[in-house]
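Before I ask anything, here is the structure I am working with.
As written, the chain order gives the labels A, B, C, D and E, with residue 1 at the start of each chain.
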Amino acid sequence: MLWGSPQRRRGHPKRIEALHGLGGESKRRRCAINEIWEGIKQAALLLWHLDPEVMHIVAVSLRVSGTALLLSAAIGIPLGAWLGFSRFVGRRLVVALLYTGMGLPPVVVGLFVYLLLSQSGPLGSLNAAWIPRLFTVGAMVVAQVIISFPLVAGFTMAAVKGVDPSLRQQLISLGATEWQATLAVLREARFGVIVSVIAGFGSIISEVGAVMLVGGNIEGSTRVLTTAIVLETRRGNFSLAIALALILLSLSFLSNILMLRLQGKTA
Amino acid sequence: AAPTSAPRRLILATTTSTADSGLLDFLLPDFEKAHNCDVQIIAVGTGQALALGAKGDADVVLVHDPDKEAAFVAGGDGVNRQDVMYNDFIIVGPPSDPAGVRGSATAAEAFARIAQAEAPFASRGDGSGTETREKAIWQAAGIAPDPRSTWYFSLGQGMGDTLLFASEKGAYTLADRGSYLSMRGKLRLALLLGGDRLDQNPDPALRNPYGVIAVNPAKHPNVQYDLALRFIDWLTSVETQRRILEFTVGGQPLFYPNSAAWKAR
Amino acid sequence: MSDWVYMGEGLRVTYGRRTVLRVDELTVRAGNLLGIVGPSGAGKSTLLRVLALLEPPTEGVLYFGGSSEPVRWPPPLDVRRRVTMVFQRPLLLSDSVFRNVAYGLRARGSDNVRPRVEQALEMVGLAHMAHAAAHTLSGGELQRVALARALVLEPDVLLLDEPTANLDPYNVSVIEEALKRLRHHNHTTIVLVTHNVFQARRLADRVMFLLDGECVEAADAETFFESPKDPRTRAFVRGEMVY
Amino acid sequence: MLWGSPQRRRGHPKRIEALHGLGGESKRRRCAINEIWEGIKQAALLLWHLDPEVMHIVAVSLRVSGTALLLSAAIGIPLGAWLGFSRFVGRRLVVALLYTGMGLPPVVVGLFVYLLLSQSGPLGSLNAAWIPRLFTVGAMVVAQVIISFPLVAGFTMAAVKGVDPSLRQQLISLGATEWQATLAVLREARFGVIVSVIAGFGSIISEVGAVMLVGGNIEGSTRVLTTAIVLETRRGNFSLAIALALILLSLSFLSNILMLRLQGKTA
Amino acid sequence: MSDWVYMGEGLRVTYGRRTVLRVDELTVRAGNLLGIVGPSGAGKSTLLRVLALLEPPTEGVLYFGGSSEPVRWPPPLDVRRRVTMVFQRPLLLSDSVFRNVAYGLRARGSDNVRPRVEQALEMVGLAHMAHAAAHTLSGGELQRVALARALVLEPDVLLLDEPTANLDPYNVSVIEEALKRLRHHNHTTIVLVTHNVFQARRLADRVMFLLDGECVEAADAETFFESPKDPRTRAFVRGEMVY
């Protein structure tokens, strides 16, 4: 077992040392770089044994961040495209707000979503079925969407702005609707748009402050890789924390390779 | 409850010390099985745990700060507060012990020596029960340390981080025994006051009692009040209390039972 | 379609403080080919963008397609789709030649895309390059693809901004033949901006001479070239004007 | 007082409720949206009184993140430009690593830097003057640079890729050195480059996991706005946390307005 | 500088599987103006990029500036700076006209930038537009700015890729006069790609006819136009070639 009492998860006695292995490890503590080695070894072990608990956490992480990414792409890309094309009074203000949104501290977003969804909050008190409840995966998705869509929108806007504006005019003149022309320009700017999605993904897969607050880091239900990492760090299990971090990084590395493939295909 | 129906959800807001030590994982499966429910642990600081309760987002809280607990009940947010267990605080510091804390009779005396020597001291500074206790000890020693001084560091961090800081900086700190024991291998810190086991702790002022409180259903109609009451009954029952004593790390218990039922046993 | 395709009154286009186009009166008849000539910076491309319904004139009214209502801005899609413009500076999508030429048809959801695209590429002599990537094309190839993607749409009105500027004499004649066939078969109305006075002479029914944004002279092609009224027109036609 | 001992800040008794206000505020707890109102009010008060402690925290935040931003721009912009222009075997791998770097969990970066700089770590044990010590502003800067430079580099690369490659050729043909041509292309792509810097700024001004770990959140020395926010959240002082968050957001909003000005000027 | 500026042997440029340029022998004499003509896609621009030292030929050797050593790739800065190319498709920096024209001088750290830029703008008839933003220029204006930013550098070798394609007859004659003056005063070697056979005739000392990447004929201008050897050259010159 990785966390939690040995008694509760009886299935994996061989990894008890991971948690309580403090005495044994202390001899090697001279150099902290050992922790990193230990972490790499443990990560390999966990993956090799397809540890069911780790697999569950990975699944939750992917489900939460995947859903959040889809939603924030669905919001961010159109918003970014619109801001890239349109001119209106106050546009600069909106853009500055968007940029500020790129720097929303996850804790603050978490707190905000918490206050909204709380039983005594304006949304939570409605108890409506469509409102995600606190300490569920739904609430985590909401928080992550808020965190990542400004990044997606901001970079999409920059990418779209980089496309020669007369291309759009030429397409319009070929009978494209506004919508079709926008799609075509987004396709031209796909390199930047894909980077925007990658950045959005990066911002949420690694995010911890918000999911901790609104998800509650509940074992077996809302625990994700980042909150598990924090937990293990808090417990002083650095090498286990590093093992989980390596799994997280491999995941996002794999997703990025996939996205680059996609990018390569369309180019 | 029939075992076939979907388990109910009981949200327990508690401190990181109880959750991270593994105590709850050790105890809870019995309760969950008996009542067909799923106890979901939200591990946060005492302050945040009480705030979660005050908003009706938790059904029951398990914390360690008697003053704040009293305020919580007095404010109408909680009902049926019960003693559950206690552990104790200890003073740790660099093994060389430059301030000569070893051998102090009380925590107040030890703190006075630290202040005298202006040896580095790390305070959690996060409004936790531990910090509240630290403040009380300083007061008993008649000292008001200034965070701007060169030796007193107010960190605003959890216990683990504070211990790491103290280890790096060669500073003293007040810690709960459980956290120190679980991190001992990572630290260059020696236990200077508190004895090897709780029963050898020379200063009764270092006791750290935990209380459980149900969130007031009159204020928050959505809470699982009946389940919360059953949880409190179960937690304070003699059998569970005995299990608390059975939970050991490195051969010694981390918590000692303390409920009314246990004491009346 | 009625007798005329465009009627403009008091058209002005102003960028910042500079008015780059000042055309008081303009008529383009259905099925006609209007040539627009004039020196660099005269406002030819600007006028074409207005006629393409891409940019509203800063002042003035424009009637289109025989409608008694002035053009609304932005113009409705069905109106807009009757006109297609080939820009002076061709910009392609970073995609294959085929897909670039197919773009307008696909946007309209037309069928028979493949044969129509192939036919259009044939017309500009690029049938063999359907699969080339846009960014590998030479200057003249680029220009011909840009032309093909307009021709394939068979619009009522075709606006061409120096469509043969980057072509060699033979390719120029290929394009000119294609335009003539188009007029003959489809009665397409064409407005052709060209700096090539000979080309205007070969193709145009009517010619308009723009200078510094103003229409100096507009007349039947023959009159324009043989007996221009304005001395500036005469100078321009001979290539010797000093502005 | 906001945090820390009551003994210390005797000067502002009116804000004692802010910290110990659980009792006082509980009457208004019906609706959690109150916290947000309270937060706005408190933020206004803190700013109005130029609370010296808040001012100090703001100063540290700006110093740390400003330095980190300069450094990560100095690393990220050239790196991004280079990746945007050059072609070499393994480029795709480097890019995928860079994208993965966009999603480095701050806690992990913090842990890593902690282990490196620790007294028992490979760098910390050297005790060299140029190695920043743990729990100092220098260590925080190091962690933040690691977090933000991949974002800057990734977006700079995307922006540079959006510029027509034959522009570069034309400049070279006009006698520009490789370096001059690169600068000119960066100038063409300035919209994207500035967004990349803004995103980098956003990622570090809002970051908490790393600075908490390597900075120690020491009152009066390494406490920054984000760590102060986390602290107040943990204490359950949600409205004070929100007040601090508002100050943080106003700061980044102002910086963004400034950057947009800059962008506008150069355009 | 020695007698010749370029000597090429067995130059080949291959993109993917397609060889777009195959020139076995090439000499450009110092101070001469070589005209390159040929249909769209013949490889003219590709050859020019090689001569501009921007792209190494896939095969073959190129000698430059009388040196007995073949050109090294990438060529050293001082060698590279003796050649300047005006691209077929002008791309300006998004900045003012003035700063675009000043770019090359500033890159070299030259002095007297302002008067030299102003003089170059004068040469192309755009002195009044020094402060216009690049993106507001008309097609012909763009082309002239692109030319001015090369002329201002007074390079030893000037490579021009259809520099007057978007210009009206008068502006064409202005540019041609400027080129003649340049040759006269600076003895600049010029390679001029043009689809305009008349222009080649007016300006070139020698003419080369490219077709499908191959040099069909290269001869003195007079010989080339009056008595071409190859029947394909004859057809091209008359604008009637079918390829």
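Structure notes:
The rule is simple: a contact is a pair of C-beta atoms (placed from the backbone, for glycine too) under 8 Å apart; a residue touches a chain by one contact, two chains touch by 3 or more.
What you are looking at is a predicted structure, and each value in this text was computed from that prediction instead of being measured.
Among the remaining chains, the Cα-based centre furthest from that of subunit E is the centre of B.
Rounded to whole angstrom units, the spacing between the C-alpha centres of subunit B and subunit D is 33. Taking each chain's centre as the mean of its C-alpha atoms, subunit D lies 50 Å from subunit E.
Centre to centre, using the average C-alpha position, subunit B and subunit C are separated by 81 Å. Residue positions of subunit B touching 2 or more other chains, listed in rising order: 55, 161, 164.
Shown for subunit C are the residues that touch two or more other chains, namely 89.
Shared contact sites, meaning residues of subunit A that touch two or more other chains, fall at 29, 118, 120-121, 124, 233, 238.
Listed by label, the pairs of touching chains are A-B, A-C, A-D, B-D, C-E, D-E. In the complex of the two chains, the subunit D residues touching subunit A come out as 29-33, 35-36, 92, 95-97, 99-100, 102-108, 111-112, 114-116, 118, 120-122, 124-125, 151, 154-155, 157-159, 161-163, 189, 191-192, 195, 198-199, 201-203, 205-209, 213, 226, 229-230, 233, 238, 241-242, 245, 248-249, 252-253, 256-257, 259-260, 264. Listed in rising order, the residues of subunit E touching subunit C in the complex are 15, 37-41, 44-45, 88-89, 136, 138-142, 144, 161-162, 165-173, 195, 197, 236, 239-243. Every residue of subunit B that touches subunit A in the complex is listed here, in rising order: 11, 16, 20, 22-26, 28-29, 40-43, 55-57, 158, 160-161, 163-164, 182-186, 220, 222-223, 247, 249-250.
Of all the residues in subunit C, the ones that touch subunit A in their complex are 49, 52, 54, 77, 80-81, 83-85, 87, 89, 91, 93-94, 103-104, 107-108, 146, 149-150, 153. Against subunit B, the residues of subunit A that register as touching in their complex are 3-9, 19-20, 22-23, 25-26, 29, 114, 118-121, 124, 127, 134-135, 216-219, 221, 231, 233-236, 238.
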